[in-house]
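Next, two complexes with subunit A in common: one pairs it with subunit B, the other with subunit C.
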Partner chain A sequence: MTTLTINGKTIEAPGGTILEVSQANGIRIPTLCNHPALAPKGACRLCLVEVKGSRVLQPACTFPISEGMEVQTESPKVRAARKFVLELLLSDHPKDCMTCEMCGNCELQDLIYEYGVKETPFVGDHHEYPLDDRDPFILRDMEKCIHCRRCIRACDEIQAVNAITMINRGFRSKVATSFDTRLQDSNCVFCGQCISVCPTGALTEKDSHGQGRVWQTTKVTTTCPYCGVGCNFDLNIRDGKVVKVTSNWNNPVNKGALCVKGRFGWQFLHSPDRLTIPLMKSSLWKEHKGTEGAPSRYEGFVEADWETALDAVAKGLLTAKSEDGPDAVGILASAKCTNEENYLIQKLARREIGTNNIDHCARL
Partner chain B sequence: MTNSIEDLAKAKAFLIIGSNTTEQHPIIGAGVKRAVRRGAKLIVADPRRIELARMSSLHLMQRPGSDIALLNGLCHVIIREGLYDKAFVADRTEGFEEMKAVVDKYTPAYVAEITGIPAEDIQAAARCYATSKPAAILYSMGITQHACGHATVMAIANLAMLCGNLGVEGGGVNPLRGQNNVQGACDMGGLPDVFPGYQKVADPILRAKMETAWGTPLSDKPGLTVVEMMNAAHTGKLKAMYIMGENPLVTDPDLNHVEEALKRLDFLVIQDIFFTETAALADVILPAAAFAEKDGTFSNTERRVQLVRKAVEPPGEAKPDWQIISAIAGRLAGDKGSWEYDSSAAIMAEAAAITPQYAGISHKRLENGGIQWPCPSADHPGTKILHLGKFSRGLGKFMAVESIPPAELPDAEYPLTLTTGRRLQHYHSGSMTHRVAGLNTLLPEERMEIHPADAEPLGLADGDMALIASRRGQVTARVQRTDRIKPGVVFMTFHFPETAVNLLTIAMLDPVAKIPEYKATAVRVTRVRS
Partner chain C sequence: MTLKELERIRAKAQKELAVRGVEISPDSELKPPRPGEVRVVLRNCGQIDPERIEDYIAKDGYFALYKVLNMTPEQVIEEAKRSGLRGRGGAGFPPGQKWFFARQAVASRPAPADGTPPAYLICNGDEGDPGAFMDRAVLEGDPNSVLEGMAIAAYAMGATQGYIYVRAEYPVAVEHLQTAIPQARRLGLLGKNIFGKGFDFDVDIRIGAGAFVCGEETALIDSIEGRRGEPRPRPPFPAVSGLWGKPTSVNNVETLANIPQIFLNGADWFAGMGTEKSKGTKTFAIAGKVKNAGLIEVPMGITMREIIYDIGEGILNKKKFKAAQTGGPLGGCLPAKYLDTPIDFESLAAAGSLMGSGGLIVLDENDCMVDVARFFMDFTQDESCGKCPPCCLGTKRLLEILTRMTQAEGTAEDLQTIEYLTENISTTSLCALGQGSVNPVVTTMRHFRDEYESHVYKKFCPSGVCKGMFHYEILADVCNGCGVCRKKCPDKVIKGDKKVVHEIDLPNCIVCGDCYKACKFDAIAIRPGPTPKSRLPERR
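For the complex of A and B:
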């Protein structure tokens, strides 16, 4: 164990960086480039702290603790240095928080607020990039990029795709694909890991724009409906509709990572094509009710009430069973449905019909 | 999977066979890539140069349907060179000599002939797998969707046991399950021969247990599988079907036959979230809730049971499937009350009581995170790795298997082999993903992959339309010339109902697993003049 003091408080820790030990002990140090899912980078200089005996301020995210170390995380010198960094960042950042998609969920905005940076003393060139909306799902507003490189690191460290990197040098540096192409012309797989770690509004979910602020939405953690990996994610809900999927970092299966279908493939939920009312073949309805029934949008089918539809199902299955035996009925369960539903439908087949003709698309 | 997803990070080597992991299981695929970047070795066996092949130490491009020969060849080299785990074989397995006798003839030269893989690559792959420990085998439908799928899985298990890679972290035999809850649907008895928990319907003791639990006598006769049901409907033996959340008229093999079969039914019920191709043939269509509109659980490929939570209301009058099933069953049952469940959690409580692997699982426990079965009691933490120290049957049994060629081999009339699969951007019959605009932008239509060496004599340029015909049907698709695919093989997916590749596929089944052979169909390709 290593013993050190942070802000005068004696702390024992097995090792790690100043940032890790501080966080573990409830001491908050602001960061922009650091992210729990990524290796420390030391790019943003926001986490600077005072280490006694050290000539200059040190980045807490990369500086390892040592025996007897004395750290100050909130000294006037530290706060002044952080404010200076924020003033620099603000000098080349749009001030359109009113309409920015990330307003209220922006780590830069939170720090600008916390450090009371109202104006920036720095004047000079501003980056002017057009909004890059050439791709589906991922909207890139590079004027809002603070060069923390989280997106580049996520693409590299989590997804191992390396579709984006820093192109050019100096003031012209920019996060982009090689040759600044569309993402779809690169090896990008549209997993959106870059969006999930972006601290500002530089990378956002295109289809969610204007759909709801973070405080207007609620999050429900659930399991992805696509492949068998079983990733977890948070459905973001506003007014009874899903407006976005965001990473849930606490799950052991995917640890926040998602693929293009998991993160962006939710729109089918609110498709106008969803079935919303039971349907019966027109002739079957007439047989049951003696009327023509209410026409549906599907040719040959009328809209039915649940009672009639369920009665017709029961009658149809029982007729087959009574005329040709239980094995004249076949039932398909579903790998898309829940365990509980699969349990029930096989119980229905076995207990109520009396057949083991129950299978699903496991083989397909 | 015998092992866990998290576990894969500890593998020193991977053998990935019949799985395009980065497209079909992207999160596991990314994990493999990270491990390889850290220094793990990677052997990919696939007729296509899939993304993972690009970073592999060895890419073995086998002919579709020659996997058993390859796997036996690997065992042959490992035994011949004495690289196998002798202690593991002696202490934990049986049947080694019988297996050895069979793989004896699978010399690299003989295997090269069957698979088209150079003999030296087979030797190198064998040495790599045997000398990097632990080594994980990952496979998927590329292995199972053959008429010899069941035997190929045995051959995989032989290889893993031979090198002592079972019951160890970072090793294992890891089938990657295709759908979100295909594991759970099997666990819950959505199969014709077993009750929940893989308890055989033909076993009188297990059946008596279920009869007591459900209070009624039950059939001891194993039922029909999907493809067998279609055949029975075709011959008129099956009269009525109730299909929940499936679209066989796109996903099943030999679609002309499936369509005819479904039309011959007296009564067809479809329960789904969309008006699918299959729904058009139904007598009654019941609108169901989608995953975000109901509570329940899914079980993933590593046997982890996880909560599905209701976030929004179903549209219109649509209802969760469990409520619909209960309402139908209540009408069929003499005791209607026995089908009244007040929640999905109550159903899990009933299922867990009769499913040994789920005995300790409840929704309440899952609130704190998923649990991997087997979980035999409420205080059991779940099981990350199967076969630790002991196989479920005691000793691991080597099963000697011979190479079996595909049912339909290419000939003069149908000279190419079609193998089907999936792509990252779409999912199965597309009823969900075709309704996501951005996914359609990324992948708007089907493309048939063909090697330039095959395309050239047919006069096929990139982007041309081609007619692909098998003995059962034909489709047209746009051509993608690529050297990613082995000459003699063409690749298509089943994501696009308008390019219904399953019109071509053969309903030839594995004799044990009853899986259709989607991965090898003899076809003829011709250019369509525009």
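For the complex of A and C:
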């Protein structure tokens, strides 16, 4: 156990950084470049604290605690330094929070508010980048980027793709792909991990723009319907409709990570083309029921109920088996099913029907 | 390799060297030692052929390594500490101490099971300070002294693999290292079981792509790992967790080149040179308005006056000394009152500057201190890695203010903003680049505040540098009518007959300064106020 004092309070901790120990003891230290899913970087300087004996202020997110250490997290010096950093960030930031997609959900905005940075004392250049909407799914507004490098680290540490990095030095440095190409011309896989960790409106979900503020939507945690991995995420719902998928960092399955389908492929939910009722060929229905059946939007098909539809399938399978032998039947299972479901389908093929004609599309 | 063999090679090489001699290339920047110089690090440069390891052995090369391998690593560390040697890369940290920490870290971990080295030694040859070329001189002229220093350091700290990080702008240094390393391997001075003492050590070269920040040791480590060089927060210190997470010591070229000499001649010999806390010698690259510029090596504790006026032979064109900028872009500008201060780590730091890697730029009365500060800020802003806002954005804001001031647009408020920025940048930046970036501004503000105020309140650049903020006037009581200025003036706006006082037609003068430079009688003065045709400042 290490004993230290934070803001005069004696604390015992087994180890860790000043930030971790502070958080565990209910002491809030502001952060921007830090993210629980990423290795600390010490870049943004918002978490600076006073460590007795140190000439400069130290970042709480990377500084390990040690025996007898004396830390001040809210001294006037510390608050002034944080305000200074925020003033600098604001001096190179578009002040269009009103229309920014991230308004109300932006870590920079929250800190500017908390530290009361109304005006920046610095006049000078600010970055002017055109809105980068050349890619599907991801909108990049690099004028809003605060260079925290969370996206870069997510792409590296979580996704192991390394599609984006920092290019250039000094004021010209910028988050970009190599040679500043479109994401689709890099090795980006559009997993959107970068969006999920971006603290500002620099990286956002293209299809969700203007669809709802964070306080206008409710989050419903659910399991991705696409594949058997069973990633969890939060559906963001406004007026009964899904408008966005966001990472759910607390679930044990995928710990916030998603693939392009899970994160961006939600539009089918409200598609008028989506099948919500089983359809049967009109002739098949007539054969089973002797009636015309309820017409559907699709020519030659009628709307059926599950009972009739499944009956028809079972009958068809049994007929095929008895007339032409079990190998007349083949079953193709889906990657959208869980392992358990696929196991059962395989049982159906091998044991009930008696064929080894069972396969799987293996991917989506 | 055995001691006997090494002695045989030395004897043969000494004879051969005496007959052959060494031709110093006429375009070599390194001149023979001048009075007042003491050469330890540069002793072999120009005296041996750097592409023949035998020449180095003729100068007792690798005998120190032999001696060291007969000591325990602890004894080596002790001897290095006792010599009082401090790192020459900038921070002045004792290398013995660094090796001690690294050695402790190696001992505290299990030996790597995968056959990777337990620790690394890195030689920092990035030398990014503009105008500095001491490390290049050593790498080009005596690469083996660095290799031997590295082997000794590696033995002390427990490393088996070394890297020399050299910037790509030093192709000759790279070439000489590429010759020296295989030669040392062939003689068994690098590789497995050196001198049969069971010590393995090999060296590879890593070429940097020319970023100043990659000289910062943690950024350098990133760069060797194949990533973009960006400083890492400390702790963990590289000695505990550096290259690929292993204990790592980063030592400067000049530091390492000192090591063999310390072990050949003994720690006491080394500690006999210099001041109480700064031992040995230091190389400096003197540049600027000094008659005899170039590379020198002098004992620590020498004064700036001795360097500039004795070794450097004084200021060019009989001008007045104004300041010396030491320590490179992160150092400071020291005015005349520091001329007699001994140069060592403490005194320079106390004066607000740095030893740095040993750049020394001499400034005279025609250097504008606001413009000098702007120049260095331009450099650091360009070289900031962009990781932390205080440095990336703070230096940008400082640069903008300084640029405005040199363009006659500075305000009183700007003076306050400069102070606000410098104070905060130095305490909130991640690495020494950001923290030190303000030093040129802070020192010029401290020692030459009148110049800043003149720029802001009078829109007058008293040194005659900032365009549009001054004009020239021929002093009637000094001008003897020699006519040189009239002939030099490109726009022919100086009027006057032979032996009669000349006059500038101010409305048509473009303030190019040719007359001012040409007048041998100091008859042209710098006066406030622009002329209508003053060349407009370049917009940055």
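In this text, the second predicted complex is superposed on the first by the 277 of 364 C-alpha atoms of A that agree within 3 Å, B and C clash if a C-alpha of one lies under 4 Å from a C-alpha of the other, contacts with A are read in each partner's own complex, and residues count from 1 in each chain.
Rule of thumb we're sticking to: a residue touches a chain if its C-beta (ideal position, glycine included) is under 8 Å from a C-beta of that chain, and two chains touch if they have at least 3 such contacts.
As the structure is a computational prediction, the values presented were derived from the model and not from experiment.
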Which superposed partner A:Ala335 touches (first subunit B, second subunit C, both, neither): first
Which superposed partner A:Gln23 touches (first subunit B, second subunit C, both, neither): neither
Contacts of A:Phe84 with subunit B and subunit C, given as first, second, both or neither: second
Touched partner set for A:Thr165, first subunit B, second subunit C, both or neither: second
Which superposed partner A:Cys191 touches (first subunit B, second subunit C, both, neither): first
First, second, both or neither for A:Leu57, with subunit B first and subunit C second: second
Dominant contact partner of subunit A by residue count, subunit C or subunit B: B
Subunit A positions touched by subunit B in one structure and by subunit C in the second: none
Interfacial residue positions of subunit C with respect to subunit A in the complex: 211, 213, 228, 230, 232-233, 235-236, 381-390, 392-397, 400, 417, 420-421, 424, 426-430, 435
Subunit A residues touching subunit C - in the complex, by the definition given at the top: 41-45, 48, 55-57, 59, 62-64, 80-81, 84-85, 88-89, 91-92, 121-125, 146-147, 149, 165-166, 168-173
Complex interface listing, subunit A residues touching subunit B: 136-137, 157-161, 184, 189-191, 206-207, 220-232, 235, 237, 240-242, 251-254, 257-261, 264-271, 273-281, 284, 298, 301, 304, 306, 309-314, 316-321, 323-324, 326-364
